[in-house]
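Labels run A, B, C and D following the written order; every chain starts at residue 1.
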Amino acid sequence: MIALIPVREGALPLGADEAVAEAGGEAIVAGDGTEVAARHLRTAVRVGLAELGTFAPGAWAAALTAELAAHDVIILPGSADGRDLAPRVSFALERPLLAGATRIGPEGATLVRRGGLVEEIHRSAGPFVATLEPGCRGIEPLTRDAEIRPLSLAPAGAHDAEHLAMMAPDPSTIDLGEAARIIAGGAGLGGPAAFALLREVAAGLGASYGASRVAADLGWVPQDRFIGTTGVTVDPRLYVALGISGAVQHVTGLGTPEHVIAVNLDASAPMMGMADLAIVTDARALLKVLADRLGATDDG
Amino acid sequence: MSVAACMRWVDHRPDVDPLTGDIATDPRRSGPSDADLAALETALRLADSWNTEVVVVTAGPPEAEAMLRDALAAGAARAVRVDVTTSAPSEVLAEEIDRALDASVDTIVCGAWSLDRGSGAVPAFLAARRAAAQALGLITVSAVGAGRIEAIRRLDGGRRERLAAEVPMVLSVEAAAARPRRASMEGVLQAKTAAIEICAVRAALIHPPAATGPYRPRARFLAAPGGEQDARSRILALSGATSNRTPPQRLELEPEEAAERILAQLREWGELEG
Amino acid sequence: MSTSRYRYLFSPLRLGPVVVHNRIVFSAHLTNYAEDGLPTEQHAAYYAARAAGGAGLIITEEHSTHPTDWPYEKLIHGFHPEVIHGYRRITDAVHKHGTPIFAQINHNGGQASSMFSRLPVWAPSPLADPLFREVPKAVDRHEIAQIVAGYAKVAEHCRSGGFDGIELQCSHSSIVRGFLSPATNIRTDDYGGSLANRARLLLELVAAVREAIGHQMALGVRLCGDELIEHGTTIDEAVEVARMVEAQGLTDYINTSIGVATASLFMIEASMQVPPGYAMFIPAALRAAVQLPVVGVGRFKDPIQAERALAEGHADHIGVVRGQIADADFAAKTRAGMADDIRLCLSCNQECVGRMGLNRWLGCIENPLTGRESLTDPVRVSAKPRRVVVVGAGAAGMQAALAAAQRGHRVTVLERDSQSGGQVRLAATVPSRAEFGDLVRNQFRFCTEAGVEFRFETPADAESVLRLQPDLVVVATGAEPARPYWAPPDATRVVDVRDVLEGRAVPTGRVIVIDEVGFHQATSVAELLADRGCTVTVATPGMVVGQDLGITLDMEHWQVKAAARGIEQRTDLVPMGFSVSDSDGSGVLTFLHHPTGTNEELACDWVVLACPQQPVEWLYHELRGAAPAGVRVERAGDCIAPRRAHAAVIEGERVGSAP
Amino acid sequence: MADFDVVVVGAGPAGAAAALVAARGGARVALVERGPFPGSKNMYGGVVYGRILDELLPRWWEEIPVQRWVTRRVTMMLTDHQSLALDFRTTAWGEAPYNGCTTLRPEFDAWLAGKAEDAGATLICSTTAVGLRRDGTGRVAGVRTDRPGGDLAAPVVIACDGANSFLAKEAGLYHHSEPEHFTLGAKEVLALPRDVIEERFGLTGNDGADFEIIGCTGDVAGGGFLYTNLDTVSVGVVLRISDLARSSTRPEEFIAGLKAHPSIAPLVADGELKEYSAHLIPEGGYDAMPELSTDGLLVAGDAAAMCLAAGIWLEGVNYAIGSGAAAGETALDAIRRGDNSAETMAGYRQRLERSWVLQDHKRLRGAPPLVLSPRVQHHMPQLACDILEGLFTVQNPEPKPGMARISWRALRRSGMRLRDLAKDTISVLRTYR
């Protein structure tokens, strides 16, 4: 078994380490910046580098065929690029594709279907290609560094799409569950107007914005912004809570932020107890000041 | 040169027995996904810009013809149904669809993924078969000249990629890529009697799974706190009793001071650029 | 389906022959409801209330399988055939709600004493248990056969009693654990040595019980994932045992647990000092190794936390015990999309775990109904709504207000402060005690929903109260610090813990905290001040600081944290006087060390007092004098006599439910 | 623009029947449906009394998509903790020509609309009629739809677009639309295994049960129902809108209360919720019906308040079909004569008056107000249950009290006066004479 990890500019795709772990530590890293990317893998034992340039699934599949043919099971992460590349590899090697797996072994794979309602266990008589759903298994990082060696591949051509540019993530549209910085507001902000400000401040901080249940229920923010028991669960690095009391239903949706700032008029709100920095002040007034400060920074 | 829209007939909310994983589908709840509707719309728009026509194709049961008639009503010129009545692997579906489409079709637009299998692999297999360029998971598509498009594609972690592709090509679009048009009354009335071409399946190779069941999440790896250390250390790791937490600071400040303090703190943590 | 936003929590799952309708398990725990070794009506009512509240599966407390096993007085003697009648009462009451119920059967082995049984305790090896400190008899083959026969017999009783399944407790207090654990099993025969030998008894018991119950009932095994003792079972061995159990093919599910009840109990029923879901690594590891459904436990107090664990595949079922003790409707409220209305457990351990060690029946600090299910009539709305005025929005006042409002009375609460919660809110400002604040937050929310009117920043006197024309006045004005005789009035740096928590005093430098109440007051403030950089000494006249922390399983955590923070603990010291030695107010505290009769002087910058308080009772007496005939004046909580929060809640409930 | 003889708006039972009759008569018919297919708005069924189809579709029972034939009809009165039921069973309803059946509306509606298509009607789905077209003289001359180029021209439009019909309103035919004349029907469909349903309701084979319930809707006037499908049961309530607006209880809470009632709970226990739906029912009866026709326009089915909600009867589909068929005939008449004037269209009402459709409604015109009156809603169930509880409670060693004493006590407790009771008896006799 071997994992095939498509990388861009040295950045690993979603689920890369899980795919490598599922393959038992064997991996080929393909793309540009492969060596940098390979060193970021935490589960690899042995890595082959295929410096193939910008993502081009047709050409890559052709170039990798000979190298991959030696491996019975090829595992790609179910990331955007992994999902695109897997069928091309499967076609080039004339092997079946077991897509959307949660468990992959030498004899076959368990696949999720119907948007995660059912699973199917597939056995494969011969070699196959599979994609592994990111987040399905977690990883146990290895302490030893991987053995890394470049692969010599004959370049191959194919009619592929042409990469024009990468666009940076936009925190305001990023899925809240993936956001590294979140600034969230609660009932203490008083109304929808404050949430408009909150969005501005979030943009200024390069953060995504969220809300407590009360704010979402009152319709101040869309439901997909509400963090907690019945809403989104998040796991940011930085969490700034403005006017959120911090009921357990909210806090359990929070993950384990490295840094927490809480602002509330109620010094005894549980959120204040959780915070590294707890400030007793009017969150609404504070938000206005922050919006001014951050706006001014932008102008300057 | 012409454009194909590839659609799939699926039950939007099948009854799944949570104990056995048995699925009961109902044609009345079935239809194309929003992404497939966006694919049809995208195909129609590309065909408009290139002054060509759209053939709509599905691999599905006879009930799926209702979906094809809707596509004809919306402006597709021809409709083809590959007579597939069971679930089939993506490579098989791609093979059948490829065979059902003329060589003159040089742009194929699919929905990003179907609701039932959901792997999104059919378009890439189609591209492989036709040695076409693939651009999958697109959130915007626009024609920028004859047989050329530019598009934005969604990657992981909120990143996006701008790319261009030329015929022959296979595109797949997310639901947001295009808002489907409303078919005209004339289109609806004509589509009621329009002919739908049927292709028999050739590939017999359909692998049923060895077993099916309700989805049961796989155990995600979770390290034992304290690992292999002695019992006391494991207890401390589990209870977090001695974790070196920065002592919390609690301050009562005016809003202006508070803002300053917060920004300074964020800078100190490296969470604020500039 | 459409009824629930929870994808996993409310999906059914099969445990052998039994379909469990959701993933919330009320798993086994002691209740002390048994009388004379038999189950009672209270058992039936207690479990039925949780079944009615939507629990997916109920597992009863343990039933002893052999006369040699009687470690505590109120244990159910499952080996007596008379238990069957009581079992029927329990299972009928629970089945009425369509909920399956399993019986846990057990022999506590060496983790027991001969005090009640007057028989030597049995264990694999003659090693004394650290809690009971009694050397057990190492069982021979004949006795092992008796144990196996005892399990089979009790399993049959359970089958006759209508249970849907059996769980073998092999985890934290059990002879099976004793055999499994290298720390307690030093045998050299077929039952000792290799893991296969140590697990022999377990597999024999599983076979015998399966034989006894047939295939219409479920059978589960509860395993300890980490005993948290030196040389004890750790996760790797637990995983191996789970594999053996699965390979044997007679078991339908695996339940989990952590710790040893007589050595590391504080990690089994962890208090709020320990993070929620702390033991999740155990079911996760077992589940990765076996196909059998696995139950996870360990401070699950919130449905999203449970849903998350299920989604991440860490468990198939979640044991929510204290969460359902505090709110029997935990599951139903969650399912109905009203998770915010759950009366969240505080993990304070005061009335549940805390009362077990005191040989009292299980209750709940927040829920006066818990433990009284068989005695309490459902709340009925009064035909004659009355006007109730409550003075004080602390735990007692709010409970009185809530009880009255639930019965249809019109209630107004007058509170001097700008917010509710009183001393509880204050106590919860210490980070590690934050969850305690849920007590008054829950009360406030339920009060508001029940239509109670709160008037904050409204000091009350007899005249202003009577102007509201109440039929009933509940005085719940709480307590205030009482300055001890030895503290000079002008010593500005001798302050009460409440001064610190309310921010009126900000001690720095060398601080001595005086602990005369023996609960969280002194220790939590000491911890807070140490975190703020003070050099802290806690001194007590008692033999140990925080004398009552043991019953809530907080003592061990306190000791560890105190050591880690360099907090010095001094005992047997009676404060005698304080003299200010500096203009800034710092000075010298004089103690009497009572075992030796010698005086000891400690210089310090601040003294923080956790000393007995005095009731604030003037309003009560004023009202008694001024109230016209027909107006009842009652009081509740600390204003009668300063005690702990449970007294406030119980008294509030009592006066509020009978206007 | 597309040209038709008749445009029928709404492919429910009324619309499908109208289209069927008109198409059979040779008219070019468009049947316009808002949903993606007929019956899409309610996935699960209702009770249909099929005899109305005898003329339209002889031997209908051989092909109607039936779930269960109703052979057990239970009328129940509930109080908090008591219930009193009249339980009628007959095997006759389980044989041709049958009486009522439970059916899944998407199947039933699609079946009936399919009959219309077979007869030549053009079914146009996912299309909403947004208004009436009028000719130069102001007469109705077709409909406008929400599709591009979506006008449909026709001399006759039949509005079968449901309660609170948009088209009838636009034409000015609604004179009453006070909330009292509407009730809200809310229903849950609960899945249960087929054998469990049969065991609990005492049914075999394709037999079914239909319960109508009063006294289960608290402070809101209305009633409840419970009937068996093949492997689901439908349980629900009908609630007067005006009361509902004042009540703090939501419709689904009434259903929850009904499901929890000790007499109902064992029947529905463990049912997995498949669907919750709610819709408006025009329940005003004869006196709340709109005008039924004007130039070029006919109104049928729920749009014409052709729903009989007279306590123990709760029927809509058969009246919808009856009125739809009559509208179809009237449309044919108009087309043959080449006259769509109000006078010709008024033939519709005459047809209805002659048929059982309006005769029933006229006869039972007093029923809705009576059924929804507080006395029938609350006092009667309480009174009846209390009398029976008094009669059947054994109080040994006390002697059995006399019937008169029990009744008198119960009456006093119910808060009714003897005079009210007498008055009610008379109005019941009058209403249901």
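Note that a residue touches a chain if its C-beta (ideal position, glycine included) is under 8 Å from a C-beta of that chain, and two chains touch if they have at least 3 such contacts.
Keep in mind that this is a model prediction, so the values were computed, not measured.
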Comparison of B-D and B-C by number of C-beta pairs in contact, larger one: B-C
Most distant chain from chain C, judged by the mean position of its C-alpha atoms: D
Cα-centroid distance, chain B relative to chain D, in whole angstrom: 42
Cα-centroid distance, chain C relative to chain D, in whole angstrom: 55
Gap in Å, rounded to a whole number, between the CA centres of chain C and chain B: 48
Chain centre separation (chain A, chain D; CA means) in Å: 53
Chain B, residues touching no fewer than two other chains: 214, 216-223, 248, 252
Numbers and ranges of chain D residues touching at least 2 other chains: 274
Touching two or more other chains - residue numbers and ranges from chain A: 136, 138, 267, 272-273
Interface residues, chain B side, partner chain C - complex: 18-19, 214, 216-225, 230-231, 234-236, 238-242, 247-248, 252
Touching residues on chain A, where the partner in the complex is chain B: 8, 13-14, 55, 57-58, 61, 79-81, 83-88, 90-92, 96-97, 99-100, 102-103, 108, 110-123, 131, 134-140, 158-171, 173-175, 178, 181, 205-206, 237-238, 240, 258-259, 261, 263, 267, 272-273, 275-282, 285-286, 288-290, 293, 297
Interface residues, chain A side, partner chain C - complex: 136, 138, 213, 228-230, 233, 245, 247-249, 252-253, 266-268, 270, 272-274
Chain D residues touching chain B - in the complex, by the definition given at the top: 2, 36-37, 40, 43, 106, 110, 122, 124, 126-127, 145-152, 274
Contacting residues of chain C [partner chain A, same complex]: 5, 276, 301-305, 308, 312-313, 337, 339-340, 344, 419, 421, 425-426, 428-431, 434-435, 437-438, 441, 503
